[in-house]
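Letters A, B and C mark the chains in the order given here, with residues in each chain numbered from 1 onward.
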Amino acid sequence: MAATQQFDEPVKTVPLLEARGITKIFDTLKANDNVDFAIQKGEIHALLGENGAGKSTLVKILFGSLQANEGGVLWDSAPVTVRSPSEARELGIGMVFQHFSLFEALTVAENIALSFNAATPLENISTRTRDLSTQYGLPLDPDAVVGDLSVGERQRVEIIRCLMQDPRLIILDEPTSVLTPQEADTLFETLFRLRDEGRSVLYISHRLEEVQRLCSAATIMRHGQVVDACDPREETAGSLASKMVGAEIDEVVHRESAATDKVVLQLNNLNMPSTHPFAVALQNVNLQVNAGEVVGIAGIAGNGQGELFGAISGEDVAANADAVVIDGHVVGNLGISERRKIGGAFVPEERLGHGAVPALTLSDNMYLARHASDSDDFQSGGSLKVIAKNAIKSATKRVVEAMDVRKSAENPPAAALSGGNLQKFVVGRELDRKPVFLLVNQPTWGVDAGAATHIRQALIDLAASGSAVLMISQDLDEIFEVADRIAVMADGRLSQPEPTANMTRERVGLLMAGSSDNVDASGEAA
Amino acid sequence: MRLELQKRAGASTLFSILSPFIALVLTLVAGAIMFVILGKPPFASLYSYFIEPLFLKFDMGPIFSDFSFEGIVPNGWSLEQILVKATPLALIAVGLAVCFRSGNWNIGAEGQYLIGGMFGAMIPVLFNDWNSPLTLPLVLIMGMLGGALYGFIPAILKSRFGTNEILTSLMLVYVAQQLVDWIVRGPWRDPKGMGFPGTKSFNESAVLPSLWQHADAHYGAVIAVVAAIAVWFMLAKTSKGFEITVLGQSPRAGRFAGFSAKNMTVFAFLFSGAMAGLAGISEVSGSVEKLDDKLSLGYGFTAIIVAFLGRLNPLGIVAAALVLALSYIGGEAAQISLGVSDRAARVFQGLLLFFVLACDTLIHYRVRLVAAVEAVA
Amino acid sequence: MDVWISIILSICAASTPLLLAATGELVVERSGVLNLGVEGMMIMGAVAGFATAQVTGNPYLGALVAMGAGALFSLLFAFLTLTLVANQVATGLALTILGIGLSGMIGEGFVGRPGIRMEALDIPILTDLPIIGKLIFGQDLIFYISIALVFGVYWFLFKTRAGLTLRSVGDNHTSAHALGINVIKVRYLAVLFGGACAGLAGAHLSLVYVPQWVEGMTAGRGWIALALVVFASWRPGRVLVGAYLFGTVTIGQFHAQAIGIAIPAQFLTSLPYIATIVVLVLIARNRRMTMLNTPASLGQSFVPDR
């Protein structure tokens, strides 16, 4: 495959793991279709693909969480059947999940102990946890309760848990999606060390720059099939992207900031105490979003973004009314329906179960978010508030057409839509109202590239038409692509927003890590 | 072999309609097995349980003895008795449907039923001579008020402090039973009642009239049907019904919609409490015509079964209430004709709820039997 | 002095069924399952234990059969909620309704029959020791089992690997499944254990505490046991404290009735139920503690994806 042999590249002999003809069918969907690929010893191998390309299914089959319908796996050139994760671990395969499979109520040591088959005494596990975590530069307290750890620390638990088994192959699923750029660098150091010890790493990601930095081989999947195998170092980000997507994606059309002087959203010393033990308190958040601009809020998950969404949308009501001002209305003490009535629109992070009720139809979910703002159209019968089903249906149809929502039935339940299509609907539902102010949290999380571009473009266009848009996102690429100004959320505090042109990833990374000096010094350009 | 479930993309309409019927059939099968174990002829027993009461006009003997009609011991017509039993069941279950749909577990309807009966009895007991066209409406309103107030206790405890409403509402049933027991033996006892616990009989204007002359069935049945239709309309057509559904399925999405789960808890308990209270007072004022110590017959618990058998749909609940009422009457009939314990009726009811819940699985999942060891390719 | 000893003994007797049922339910809830059918399993245990003792004349065999009956009955719940993923709250209610009905039918022939009491321990010398003799060496077998059970459950949950597995299932069933733990199996076993405990609790009622068969004799004790688990914030030691607190309230109101306090008996009878509500409110007010201790997947159905 590789045209040139470089000195740090292992000589390709017998692959450590080889998958042949893996096919997995769910219902009618072929999640994996005759997948072949091989991982060499001592190599960091990228598995690239969009959401829904079949990466997770493949990995779950390799790790024994799922069973393939057809095909098999060779380990050290011997055929093996992996019936369960514990069998995988016995072979020497370890896995770090994207959504951590950790137990919040248990301690670090207890969490690690659970993946051991033998009844190893907990004390031994504590000691070894300490040793390994220092050895690989990932410090951890074995007696800490996982619920109290930060996201980055939780990932360390996953990695140490995996390394305790002395694996020969380590699978990492989107590991940097929860890390600051600086934390990611530390992780890469650890991965290089593992490679140098002769271990193999299967690195699942859609972040092309990382893959180019780390990996010496890549397998690219699309629609459940392997479409290409290459050396990512010899590709450009663009060529990798088009292999992943299969066609050129439309670029988001940039335009000059259309920001005006009109302040649409103003937060004045917004404080919110934390409502439950694992929540983050908002502390003195100040922000101003003007008509015509998109302000992006970056930050690592769990630093108060959800709480900020609640406070601005009115799901949580602030103690003082003037903490939140929307379009000149003092609304800090008003609920979400009142804020909608004056032109506020909100798209939460979770589509199913927050932005939409899974079992209800699209038109019901239309009514869900707009019964108050569109009561004139959507209700009849005075105080009886009889639902005007036809008006809602036609509004739903309008949104479906405007956002190109693909669906299997006329008016299917929300749960029946794919993530990308439901997200388009949930965003489109608000855009259709032509809101004065739109707050959106993680607009393209888990959405395929085509839908993501569509949504980002829609946000930019909304701002261009004179609305104010506030976008919370953990995806730095997205922030830099869409936002006119960028602020960073860390531990419930918000940095001063600065024009995107003045921001660098490094500075955002430092702010994400909660470096308060930087917050104060934000007046000077980095 | 083991069962494997596969989530359906959406709820199956077919099984939404079929599942209560499948549950009924399974209950009958289980019942037949039970009769075999008890050494009774299964088909004859089932017949006397569920078919006979529909046609037979037999002497109910001492069970439904009613001495109020100039010395005539009436032949209890079973269909009418079914109506009498179905009335409180339907009233309570319609209220519970609203409550359960909204995600609030009121299982203390029996208590709210009792307190409703007690509150409603307050006017005819304390102002026995007050005869006015307003008396009956006021009695019914008092009954609803009593049930609602008693339902308010678990509701406010849940919404203010996060106390588990299942446990508090249930504990309050025991408290209500004691309270009613005390009041009919103590302060409200009829001094001319020959020492029996119970109040004076209500005067004419406080009695819910019979549906026809000399009938046991009273206008409570009409109220129940009207209430069921009204609640059906609310649930299916109005914004309030939407709010109830959304908060029940996804409180977080409900919050996003601007609905308050706490206010809903209070509303749902007040509403279901009022309905249970109405059932209580209609039983007191329509059937017994006084408050005594035998008001607690477990209708509040049986209504939970009615609500689920009716799939939390008020119209379905009216039908389900008739089915459960039939099981009561059938139980009494079978005891007379076959010597089967009347407690078998309770067993039937318990089994029915089990099968209803089991069959609900079919609505959301495809169920398959698979071999224990999966073939490995 | 003797009066106090007999009062303490009666408190032990009143507390034991609560303690047994609550400890069993604690294990069930720690595995993430909310079985509201404790009352139903308990009364099935009571009737099965009583009937067996009547037929065989052996109360110990009765207790054993009661445990089996409770476990068997809980299997119904487990099949519905774990295999068919039915709603746990509704299924628990169904279990209680069915249990009360079925026990009534089974026990119909036993109503009014004199019970066969499980005798208290009588060890020469030791039982005759002043004060502590009766308390420590002179109680029935089920009492000792109940105390041992609390410590056993504590040890199991926090000191053994199997206990860790059970807690992990209750905390996050998806993760446990990803680690290769058989979530459904763990939960089946926990539910069965809870059923056996509730059955034994019922046997204590019909073979020691009352000892007779009275229809509906559990009188809400199963529900109080459920409340105790919440009160104890899922800790075995606190279940012990809570159960004895309730036992004391129960006995206290009996004695208050007996000495003819000028409060209607009905109000005194209501006391344990009112106390339950008060305790639930007090514990719920400390929301942080409740949230930290509640098993995170409590009451949620689990369907493995495959």
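For this structure, a couple of remarks:
Please note the rule applied: a contact is a pair of C-beta atoms (placed from the backbone, for glycine too) under 8 Å apart; a residue touches a chain by one contact, two chains touch by 3 or more.
Note that the structure is a prediction, hence the values are computed from the model and not measured.
Between B-C and A-C, more C-beta contact pairs join the chains of B-C. Taking the mean Cα position of each chain as its centre, A sits at the greatest distance from chain C.
Between chain A and chain B the centroid-to-centroid distance comes to 48 Å (mean Cα coordinates, whole Å).
One inter-chain figure worth recording: chain B and chain C are separated by 28 Å, centre to centre, where each centre is the mean of the chain's CA atoms.
Chain A and chain C have centres, each the mean of its CA atoms, that are 45 Å apart. Contact of a single residue of chain C with at least two other chains is seen at positions 287, 306. For chain A, residues touching at least two other chains, in rising order: 67. Residue ranges of chain A in contact with chain B, taken from their complex: 27, 67-72, 81, 83, 313-315, 335-337, 340, 346, 348, 350, 353-360, 364, 367-369, 371-372, 379, 381, 384-387, 408, 412-413, 415-416. Interface of chain B with chain C (complex): residues 2-5, 7, 105, 107, 157, 161-164, 166-168, 170-172, 174-175, 178-179, 181-182, 186, 301, 304-305, 308, 341, 343-351, 353-354, 357-358, 360-361, 365, 367.
Chain B makes touch with chain A in their complex at residues 6, 9-11, 237-240, 242, 245-246, 249-250, 252-253, 255-258, 374, 376-377. Interface residues of chain C, counted against chain A in their complex, comprise 161, 164-165, 167-168, 171-172, 174-176, 178-181, 287-288, 291-292, 295-296, 305-306. Chain contact summary for the complex, chain A toward chain C: residues 64-67, 84-86, 97, 100-106, 110, 113-115, 119, 147, 276-277.
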